[in-house]
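Two complexes come next, and they have one chain in common, subunit A, joined by subunit B in the first and subunit C in the second.
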Partner chain A sequence: MKGSLRKFDTPLFFLYIAPWLIGFALFFLIPFGTSVFYAFTDARLPGSVDYNFVGLDNFIDMFNNPIFGKSLFNTFYFVVIGVPVVTTGMLLLAMLLNLNVKGIAVFRAFYYLPTLVPIVATVIIWKLVFNSEFGILNAVLSTFGMAKTDWLGGEHTIKPVIIILQVWISGSGVLIFLAALKNVPKHLYEAAHIDGAGRFRNFFHITLPMISPSILFVVIIQTMYNFQLFTEALLLSRGGPNYAAYTFVYNIYKSAFTDLRFNMAMTQSIFLFALISLITFVLMKLSNRFVYYESEK
Partner chain B sequence: MNKPQSNGLKTLGKYLILTVALALFVGPLIWMLSTMLKTKAETYEFPPSIIPNPITVESFERLFSVQPLMWTWIGNSFTISILIVIGAVISSSIVAYGFSRFQTNHRKYLFPIVLATLMIPPSIMMIPSYVLFTKLDWIDTWLPLIVPAWLGGAYYIFLFRQFFMTIPHELDEATYLDGGGRWVVYSKVIMPLSKPIVVTTVIFAFVNSWLDFLGPFLYLKDNAKFTLSVGLQLLIGQTSQDLPSLSAGAFISIIPIALLFLFAQRYIVEGVVLTGSKG
Partner chain C sequence: MKTNGKISLLALTMSIALVAAGCGSNNNSNSSNNSTPATNAGTENTAATPAKEAEPVTITYSQWGTAEELQRTQELLDKFMAANKNITVKMEGKDWGSYWDGLTANAAGGTLPDVFKTSFAFIEKYAELGIFKELDGPLKDVGFDLNNIDPSLLGLHKYKDKQVSLPIDANVIVWYYNKTLFSDPKTNPKGAKEPSLEPTWAEIEEIATKMTLDKNGKNPGEAGFNAKNIVQWGMSISPGSTIDWFLEPELWSNNAKLVNDDGSLALDTPEAKEVMDYFIDITKNKKINTTPAQIEGLGGQVGLAISTGKVAMNPGGNWNINNFKEAKTEYGTTYLPKFKETKTVVQPAGMAVSSSTKNEEAAYKLLAWLAGPEGQTELAKQGYSIPANKAAADAYIATAGEANKIFLDAQKFGIISPFTVKKTDLVWTYGEQSLKLPLAGDGDLEAALKDLASKMK
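Up next is the complex of A and B:
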């Protein structure tokens, strides 16, 4: 009985997983293959029929465009400054929400709420709060005697404003850290207490090492996200002012839909893919030195 | 004698920090509600007031009269989300069944590929997918949003498979003895036992679809086909000076998710912790 079933397992297996196989081929393999192909041609539009192979011209073009450097700089800003700020914010919030007081569940729910706000609504709220004329932030600051600031229109303020927005919607990372904090064995703190360790030593010698796998996980996800930062920059300030929020993916979007150079957009996408893969790989390799796994399963 | 008092102070301090931080987090939402209930004129006052005077809902009337498509967009968002939810549950559970119950060597390398697709940065697929959908003549239709959901999402396949692994194989064997085949096991044994994971998938697929902005923004051109998010984005451009109406629009887009969160918080929290996805 069992044997007869097993004989037909392989064809049936492929029948059951067929939806995924088709989806994988159609929505990943084919588009990805096409993009590699486009990157070496002069096909500017999605439907281009007449095209020539141009070798590495698109890549050379990409590096020679001054906007490329700017967008790369902005993106690295969001990775190098944004990721540590957002991750630290998540960890602090998680520690705050790990406090053992009554009603903490209600606090947790309210902290998570902004994370579930659709991004367009988030941007509307951000435009209200940071509005230079009528926003609540400038109103609060003016009671402390500070002059009105044009947060969204300022070349030096737009990037920090986006990073603050990311902290506001960082509930998922907070939940991950919260779960990790709850998994740190209590007896470790008790033992440290007997040894006379203080709060700081507890944090750096017990908490941080014990939750380091979660930190790596969150850092990698946030790094990948910030390399691809786009919607926030698009909706808050259209990449401006003066290209201050012009991220790499924003540049890809403009190449395709404003410049109508899909081949350039594909070239940039491939470059970004290589960059993200490389950085993720380096992060994983480096992490071997810092991440502590209690049980290697 | 001293200890309870200092503990009480400590607790008070904890609540104080929690409340201050909470004010920073919920403050922007309260500011949105406040703006939504103001007259247009009151939003131009400085310094602004938190409690509107008078409290009015005329922002909603303006919103729906300036943008008559609001109801269409809300309907579109629900229709698309529901179609995505149904597709995600059916296709992902079938694929997951394949990956959890079949004896074949192909499982060993194919399942890691499923998981690997979770690591692909979505933005690098943005332009290639657009080109594909152009060639398929799917631009300005809902197909690019709905069809992929019907072809199994890696994340949901993973969730379903994890759950199916916990269902004892004896139940399958018993069904085979009764003369049932693979499909009977899937539809009559496995799925009825999988309600918790179906609920999780329904919630996550709905939230994901409701929160999706980039997909509808790139693929839909005709205003009447827009989802609520893309419609609101259009509204930001059209009535950027009408802050109460914009707030009202933002508020409407938050309600379905907020209600879902209220009733299904446990599922959302568990799902996030498991995979780190926002939902």
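Up next is the complex of A and C:
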């Protein structure tokens, strides 16, 4: 009876998983394989029949292109500076929203609302906020006697603006942290209180370790998001000024749709895929040392 | 347990079958009611090749434009379909930016529309992808008279001496001013005169100085002028982000060039530097021109700045009159201001037939109609676009009026500067990033030019 069930379960398993498998093959495996193929050719359009294999030429071209270097630098800026800033911002907001004060549910709803607004609309709103001439921010700053700043047109200000925008739309991460904070057992704090622990000690020795799996999850998601940052760079300043917001994915888009070199875009995409995979792998490996899984203890 | 498993299996199989059937039925209904545009039309007509006169055929046509422009094109297509009962044309319209992304994606996916709009600036770049049909033979076959179209316009739609696209309009760049600002003493307290038909930059600078006002009504150069609180600007230009349609003709106006014959950057000559330094000076020092940040705050479009009511003059294309009419802006027009000679850019949009079309005969018919006397006269009668076909010139004047005759007259000042792949890269890929801020006086121009020249190599 048991044996026959297993026999029956195996095809059933594959049948149940078939929709996903088909989707995975159609929308990932085949396009990925095609991209790898064309990355080693001079075909400017996918589907071209008239092409030559060029070996590693596209990869060499990619590394020799100064714009590639700039876009990689900008992307690392967002990953190295943006991810910690945004994650910290999410955690601080979650801790605020975890307080037991009157009307906290309303605050939680308000902080989540920006996440529901489409990113294009959000970017347009922030363009108005940061506009140097007519923006609200400069208007407020000028009341304190501060000079107008060209936030969107400055090479040194555009990247921080994009990071601030990410904090604004960080509602999903805040929810994840909030759920994690709610799950920290109260008795741990009570025991720590009896032992004389203060707020900071509680935070660093109880809260942070207990929510560390959520932190890892958010950091990985944020890292991938920042490696693929595109919409904000495109809509806020079209990658400018002087390539200051030219992100890696924006460069891929320009290679394909402006330079009409899909082979180069595919080369860059493969490089990005390898980069994200490597960094995610490193993060996962490092997580063994920093992440506390209560269920495994 | 075993029974439950079988039931699950059956249920899943039925669900998949149902979904598959649903998809199938959708496809069927789409093809039968003929309501889907591009892709279905292409599939539907595969069997109809070659299209015969009497056999009904559906072709796709794609172009960029605003909602109003697309509506006007639909009116033209309706007239074409009325004259060619067996041909149905499905139009796909997009805005300028997404149009090119869409066309590229279509080329990549093998789903190009049968006939589509082209820009002279992208002919070489897209021709290299092999997306155009060569038109010389087919046009000869249908007896299309190319003599009615200016050779310079035809030349801009050739690739390797082969006609791959036919010009359909001859858009031209002129200088606009807001008549209301000039006539109102509140916005023109110094009584600046409207610019002359063929103004020099000295004249424009004088007018712009008078028309630039701070919040206390003072002009630049006056004692107490507050440059941080300008409420009205004399002009709005952004040479670094309008390289192809403003900076280049101005360079020519001063006997300079944008690119050399070998495709390298030509901005290192004294004449070119004189032009660039002048634009920096009027923006950074004289404060009579908007900065890029101010342009963003005014809506982000240099060509429409006068419609905000805060700018007296700006360069723009003939198509901008639609926007001014919609914004109820009373506008006046002159030729572009000159350094030494008046120059402008003629930007002919065109029509091309996809190299992969399965409906050649119908596609050529549509192309020949839109670019020929009949379609061009209908286009001219709408009064918005300047027809490229001379056979329709009278119809344009009759509709658009003498006031808009300047758009036809300005064409004699058009520079002959074809778009090569290198020039397209300069204008659309590298130029704006490098020059937008330096040409407004923000950043090191020399370093930007050096950087740009190296990228052009």
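Here is the rule we go by: the second predicted complex is superposed on the first by the 274 of 297 C-alpha atoms of A that agree within 3 Å, B and C clash if a C-alpha of one lies under 4 Å from a C-alpha of the other, contacts with A are read in each partner's own complex, and residues count from 1 in each chain.
Please note the rule applied: a residue touches a chain if its C-beta (ideal position, glycine included) is under 8 Å from a C-beta of that chain, and two chains touch if they have at least 3 such contacts.
Everything numeric here is computed off the predicted structure, so don't read it as measured data.
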For this session: Check whether A:114 is in contact with subunit B, with subunit C, with both or with neither, and answer first, second, both or neither.
Result: first
Exercise. Which one hits more subunit A residues, subunit B or subunit C?
Worked result: B
For this session: Based on the superposed arrangement, let me know which partner A:256 touches: subunit B (first), subunit C (second), both, or neither?
Result: both
For this session: Pick one for A:101: touches subunit B only (first), subunit C only (second), both, or neither.
Result: first
Exercise. What is the contact status of A:44 with respect to subunit B (first) and subunit C (second): first, second, both, or neither?
Worked result: second
Exercise. Where does A:240 make contact in the superposed view: on subunit B (first), on subunit C (second), on both, or on neither?
Worked result: second
Exercise. So, does A:87 touch the first partner subunit B, the second partner subunit C, both, or neither?
Worked result: neither
Exercise. Is A:16 contacted by the first partner subunit B, the second partner subunit C, both or neither?
Worked result: both
Exercise. Regarding the shared-chain residue A:126, is it in contact with subunit B (first), subunit C (second), both, or neither?
Worked result: first
For this session: Would you sort A:75 into first (subunit B), second (subunit C), both or neither based on which partner it touches?
Result: neither
Problem set entry | Set intersection of subunit A contacts, subunit C complex versus subunit B complex | 5, 9, 12, 15-16, 19, 46-47, 127, 131, 133-134, 256, 262
Seminar exercise, completed: In the complex, subunit B touches subunit A at residues 11, 14-15, 17-18, 21-22, 25-29, 31-32, 35, 43-48, 91, 94-95, 97-99, 102-104, 106-107, 110, 113-114, 117, 119-132, 134-135, 148, 150-152, 154, 157, 176-177, 182, 207, 210-211, 213-214, 228-230, 232-233, 236, 243, 246-247, 249-251, 253-254, 257-258, 261, 265, 268-269, 272-273, 276-279
For this session: Sort out for me which residues of subunit A touch subunit B in the complex.
Result: 1-2, 5-6, 9-10, 12-17, 19-20, 22-24, 26-28, 30-32, 34-35, 38, 46-47, 93, 96-97, 99, 101, 104, 107, 109-121, 123-129, 131, 133-134, 136, 139, 142-143, 168, 171-173, 175-176, 179, 217-218, 221, 224, 227-228, 230-231, 235, 249, 252-253, 256, 262, 265-266, 269-270, 272-273, 276, 280
For this session: Mind listing the subunit C positions that touch subunit A in their complex?
Result: 1-2, 5, 8-9, 12-13, 16, 100-101, 104-105, 107-110, 125-126, 128-129, 228, 291-294, 296-298, 425, 428-429, 432-434, 436-437, 442-443, 448, 454-455
For this session: Mind listing the subunit A positions that touch subunit C in their complex?
Result: 4-5, 8-9, 12, 15-16, 18-19, 44-47, 66-67, 127, 131-135, 147-148, 150, 152-153, 238-243, 246, 254, 256-260, 262
